[in-house]
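Right, I'll just put the structure down here and ask away after.
Naming follows writing order (A, B, C, D and E), and every chain is counted from residue 1.
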Amino acid sequence: MTERVREILSWYRSENPGVLTNLARLLNHGRLAGTGKLVILPVDQGFEHGPARSFAPNPAGYDPRYHFELAIEAGCNAYAAPLGFLEAGAAEYAGEVPLILKLNNSDTLYTGADPCPAVTGSVDDALRLGCVAIGFTIYPGSAARNEMYGQLRALAEEAKRKGLAVVVWSYPRGSGLSKAGETAVDVVAYAAQIAAQLGAHLIKVKPPTNHIEQEAARKVYEKQRIPIETLADRVRHVVQSAFNGRRIVIFSGGEAKETGAILDEIRAIRDGGGFGSIIGRNSFQRPKQEALDFLRTVMDIYAGNIA
Amino acid sequence: MTERVREILSWYRSENPGVLTNLARLLNHGRLAGTGKLVILPVDQGFEHGPARSFAPNPAGYDPRYHFELAIEAGCNAYAAPLGFLEAGAAEYAGEVPLILKLNNSDTLYTGADPCPAVTGSVDDALRLGCVAIGFTIYPGSAARNEMYGQLRALAEEAKRKGLAVVVWSYPRGSGLSKAGETAVDVVAYAAQIAAQLGAHLIKVKPPTNHIEQEAARKVYEKQRIPIETLADRVRHVVQSAFNGRRIVIFSGGEAKETGAILDEIRAIRDGGGFGSIIGRNSFQRPKQEALDFLRTVMDIYAGNIA
Amino acid sequence: MTERVREILSWYRSENPGVLTNLARLLNHGRLAGTGKLVILPVDQGFEHGPARSFAPNPAGYDPRYHFELAIEAGCNAYAAPLGFLEAGAAEYAGEVPLILKLNNSDTLYTGADPCPAVTGSVDDALRLGCVAIGFTIYPGSAARNEMYGQLRALAEEAKRKGLAVVVWSYPRGSGLSKAGETAVDVVAYAAQIAAQLGAHLIKVKPPTNHIEQEAARKVYEKQRIPIETLADRVRHVVQSAFNGRRIVIFSGGEAKETGAILDEIRAIRDGGGFGSIIGRNSFQRPKQEALDFLRTVMDIYAGNIA
Amino acid sequence: MTERVREILSWYRSENPGVLTNLARLLNHGRLAGTGKLVILPVDQGFEHGPARSFAPNPAGYDPRYHFELAIEAGCNAYAAPLGFLEAGAAEYAGEVPLILKLNNSDTLYTGADPCPAVTGSVDDALRLGCVAIGFTIYPGSAARNEMYGQLRALAEEAKRKGLAVVVWSYPRGSGLSKAGETAVDVVAYAAQIAAQLGAHLIKVKPPTNHIEQEAARKVYEKQRIPIETLADRVRHVVQSAFNGRRIVIFSGGEAKETGAILDEIRAIRDGGGFGSIIGRNSFQRPKQEALDFLRTVMDIYAGNIA
Amino acid sequence: MTERVREILSWYRSENPGVLTNLARLLNHGRLAGTGKLVILPVDQGFEHGPARSFAPNPAGYDPRYHFELAIEAGCNAYAAPLGFLEAGAAEYAGEVPLILKLNNSDTLYTGADPCPAVTGSVDDALRLGCVAIGFTIYPGSAARNEMYGQLRALAEEAKRKGLAVVVWSYPRGSGLSKAGETAVDVVAYAAQIAAQLGAHLIKVKPPTNHIEQEAARKVYEKQRIPIETLADRVRHVVQSAFNGRRIVIFSGGEAKETGAILDEIRAIRDGGGFGSIIGRNSFQRPKQEALDFLRTVMDIYAGNIA
């Protein structure tokens, strides 16, 4: 148990030892074990975007076993997926990588201005599948946000009682926001704060742009001269917004893109004090060896092994 | 216990032995026992379309006993129906054919753009009627989809705990889709993926057309050159979309049509690696002997006894 | 125990002996005991239409005891009413007439296009009041139908487990239907099918007219030349639509009308193979002796004592 | 479904279709499928007598997989064992042989004059392991009998509601009886009656001797000249005592003994109308091939293939 | 994940992935990670024997933190203790060593001939404390054994459903046995069998002597010439008695004794195929460094690093 992990656990002292144990399992697994940094493999795109858009670029990914193996071989801290994907491998790969059960998911066969994911799993499912945490998505900015916050509240309360950690995907979206606003720095920081206030242990947000969505916020950013020029600045601000860095904030990789660009982003997240990345499409849509090389590079950046 | 059935059961290792036993019962019953292929008789049209539209073409079908006997004599793997139809024969025909209790159903006396079936039975009903599985319909594309997914989630969790298998009818429908989109290959593949992610053991979809509904999907199909020319191609893609063939996917017969056309469809499903068919109206709306001959031909195609 | 009653009970072999016993009690009480025919006195109009509209024509009916006595003296198979009316006489008349507790009711102080009755009693109420069955109304065609079906599902499951029979009033109504459609022969047949599929033991519908509401149905009625000219034809079709006559279907008397017209209707129901009538307003809104004479004539028609 | 199985199922018409289905599964599995006769392999001796006394004579039996395979290869109707033994193979052998979970067991590290087994499994365990029935031992004659009868009552009620069959081992024992009385014909007949009255579907007793234990009974046996000379006579009397043959009564093999003697016993059970045997030690304590040959001979006797 | 651990997990395929995950955590932690061997530190002597008898020889052990640190520093697979001891350190040492919550314990302020421990914790306690397993003691041979077996049955069912492993201390004791009988080879083998049949995943027994307690057993040991001369022979027999080695059996260290004698015992356990040791007093009653040296030697013996 490293000093850093011990320090991180100290931020969650209201939680029972079961939650702390599962947070420790997350932090102490894989190539980044003990560093306080995390790289998580999430694969919910099959549900969110459909199978062809998700897996056709690297058809090995149609097979649920592929993602377990990718996470294990790359040395990720955890693998996060919806019920069906976890059920399809949790027995075979039991004990080989910490699992996070995504408890809600959206498909895109019906879309509306104010999306609300379906609840697709339970805390008891997470226990029977041997998970360390539940995952839950909220859409701040959606007219349906309160329904999501309410579902999260109940599930998080139950998960904590049963010793599971709570990971929240906080993705601003909906009729309350412009498209640019979804990744605006004020909005992403706000989304991180909401997730933290709802009791999340880990918070996943998107890398913020320097756009500012809310007029009331803009005045403060300007008056207080909050630095938001560089991505590292903005990451620092988002991490500060999540209880001054006393909640674990990780950043999504977003759409598949060119490797150099992603690695630059990773460096900025690291420089800004981000805790790590949750990288789905940029991992599993590449050929496996390429993905392993890529994920190792990402981990090396976070570990400080390379610049 | 054939090697093929053993292989299929190996895909469900997260489930308890009760679920595995009931999956084995489904796979080891009737003329296709042990082949890993299935032909199921579903009769929910009385509820879905009304009695005259369903049974007037072959009035013997008004009698609930008729369908038990048809499934038994034809050697189907299972008979699936709503509560009332099963209650009306489950004692007389106990132990003669595996039963699947459909737990939700839609009638067409009220229809809206975004349908949501009524929940019409319980997991405990399935136990007291001696069923091997529950059946549940979801309508991806409906504004009410999340309500259905949530109901399925709870019922599937309970069914699995009590040792029952879960069969999901995944029928895209609703205001999110065009009429052609309901059977578009991208949409059907997506519907199969959603059902699998929701934890279905068996998935029933409609045979897909070569229409592509979603623009974002079209780009991928074209870029990755996913073959969708023939029905066999499309079936192969749908089966791949259900966990790379590690979930049982069967295809509905759809509207009553000319026998030759159906048999061609069956051959394409077989050639594409589909696991079988669930054929309602094309079975019970014919005179019994004709239906028996027809179902045997279908089974012979799946068994590889005829081309 | 007559052969006919034994035959009727044989249709319900999935049910426990408690349900069979209560069905037998219904079938073996009153002047029609043992014939397999039933005449039931229902008095829920006080709740449905208000007291003056219901009871002012024959003020004796304000008194709940009146209806028990009417049912007993007329030799009805059962008396059906909401909670309050049964509570007001169940002790005094205990054991004198089988009782059916109506578990939902609508009042008309608030009305909307898509009605949904209130649940006004429980299965345990039915047990403590000594009832043989619960009664429940569904409105196929209402936007709220699924709520009713879901309530019925849960109540029927409980009632059956506790040995009570289930009587469903299946009355098409709501924004999915035209006014004429509420009694259209296709719709009434469909309503009978829905009730049977939901697990009803007895089904109450309205006498159907020769109107056809649904275009898709019309094509079938014409193509299959389903006879619907006479009321007897239509009754025969509705009975067939309820599991080929293997569920007990009875017909409501509907609005108060001239006696001769009602008796002609009764004859047609008998000739079409209907199992009997449930006659409220046409019974209790007459002076008692007239009502007794009337009900005896109805029973004589069903018993075949008169043409 | 043979006429004989249909006839046997008709004796249990108070049960729901789930129970009937599971009784049919028992009766329709293995080499005796459809004959109405049963040979069941029970292996609870490890718990009851200790491992060395049970398995040292044929050490392959230490392995829980051995007994599944023996039951499957011999074509037994079912395999019955305590929780641990079923858990250790129910997944691997799912669907290959009907399972009966023994819900109570006695060890012999503590013995008293009035034994009472421990409850060692639950009805929900039976569901999750895919069993067709629960098994339960009662010791009529023990001062603790009422505790066992009460446990059985509650478990049987739950099992039946959930669609499982109930098998009762009725073994007279305890301070109320002499040692010879445990197999006295009056006592065994009485034990069969008690099990039947407690709601057992299948009853297992020991082959009765011609000893009569109870004075009050002796007078009746003599006065009514009940034939008890031969084992066939006594088996006939015991079967008659279990509801005149309308409950399935099978006979235990008892202690390991010489093969010829056992086969004579089997012939007498067959001639007396017994429904079959439940043979543990005489099966699994032999080398496997010898056991298979032996069990096939037993089945041939019951099937009437040999004298 | 080593092949050996994978093989061990394959013995538990009826269990859900949660149980498999926690078994893997036990097997993959500490110095013996991956070998399939285990050394566990149990500290329930404070409850069982009183504080002075337990901790005075090495007063550091009065402090609950001492035992966590001892288990962590020694590289034990797990630390097992009652509720209070775990509550007093589970937060501080979260994630550093797998924990087993002992759910029942006996004190010796009241003793009787037929002991029955008190239930002192719950499955939910185990979850909130982050444990991998529950622990439970049974005393075969006690007149109160059935009460313990029944408690274990219920707790084990709940633990498995919630993904926790089940460790059973099977310690023959009580008026059914002589003092020598408590460690007699026939009794210890029987105790292992009972625990396995009750559904234990890990079984803890005492090293057996060559005494044989039960006459009926003696005949079998002699007739079958079961080797019981050496401790290795007897360990082999006990492991065989636990489902032919398909359940994990570990051996207690027993009373504090001279180090050389213990190490000889460990070698015999290893040579007989035992899975490891659970060593309390011989660990924590020594000065810490001595205990660490001692435990490492024990682990080296099991790992095959030294003879």
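Structural remarks
Definition applied: a residue touches a chain if its C-beta (ideal position, glycine included) is under 8 Å from a C-beta of that chain, and two chains touch if they have at least 3 such contacts.
Only a predicted model underlies this, so the values are computations on that prediction, with no experimental measurement involved.
Considering every other chain in turn, the ones in contact with both chain A and chain D prove to be B, E.
Interface residue usage between chain A and chain E, two copies of one sequence, is largely shared: over half of the residue numbers at the contact are used by both copies. Here the repeat of A-B among B-C, C-D or B-E is B-C, since over half of its contact pairs match by residue number.
Compared on C-beta pairs in contact, B-C and B-D come out with B-C as the pair having more. If each chain is reduced to the centroid of its CA atoms, chain A and chain C end up 58 Å from each other.
Between chain C and chain E the centroid-to-centroid distance comes to 67 Å (mean Cα coordinates, whole Å). As a whole-number value, the distance joining the C-alpha centres of chain B and chain D reads 40 Å.
Work out the mean CA point of chain D and of chain E, and you get 36 Å between them.
Counting partners per residue, chain D has 13, 16-17, 90-91, 124, 129, 161 as the residues that reach two or more other chains.
The touch graph of the protein chains shown belongs to none of the named shapes. Applying the touch definition to all chain combinations yields A-B, A-E, B-C, B-D, B-E, C-D, D-E. Chain B contributes residues 46-47, 49-53, 55-57, 59, 62-64, 82-92, 105, 107-112, 116-122, 124-125, 129 to its touches with chain C in the complex. Against chain B, the residues of chain C that register as touching in their complex are 11-15, 140-143, 145-146, 149-150, 153-154, 157, 172, 174-177, 186-187, 189-194, 196-200, 214, 216-217, 220-221, 224, 226, 237, 240-241, 243-244, 246-247. Across the complex, chain B meets chain D through its residues 1, 5, 9, 13, 16-25, 27-28, 90-91, 94-96, 124, 127-131, 161-163. If you check the complex, the residues on chain C that touch chain D are 13-14, 16-17, 161.
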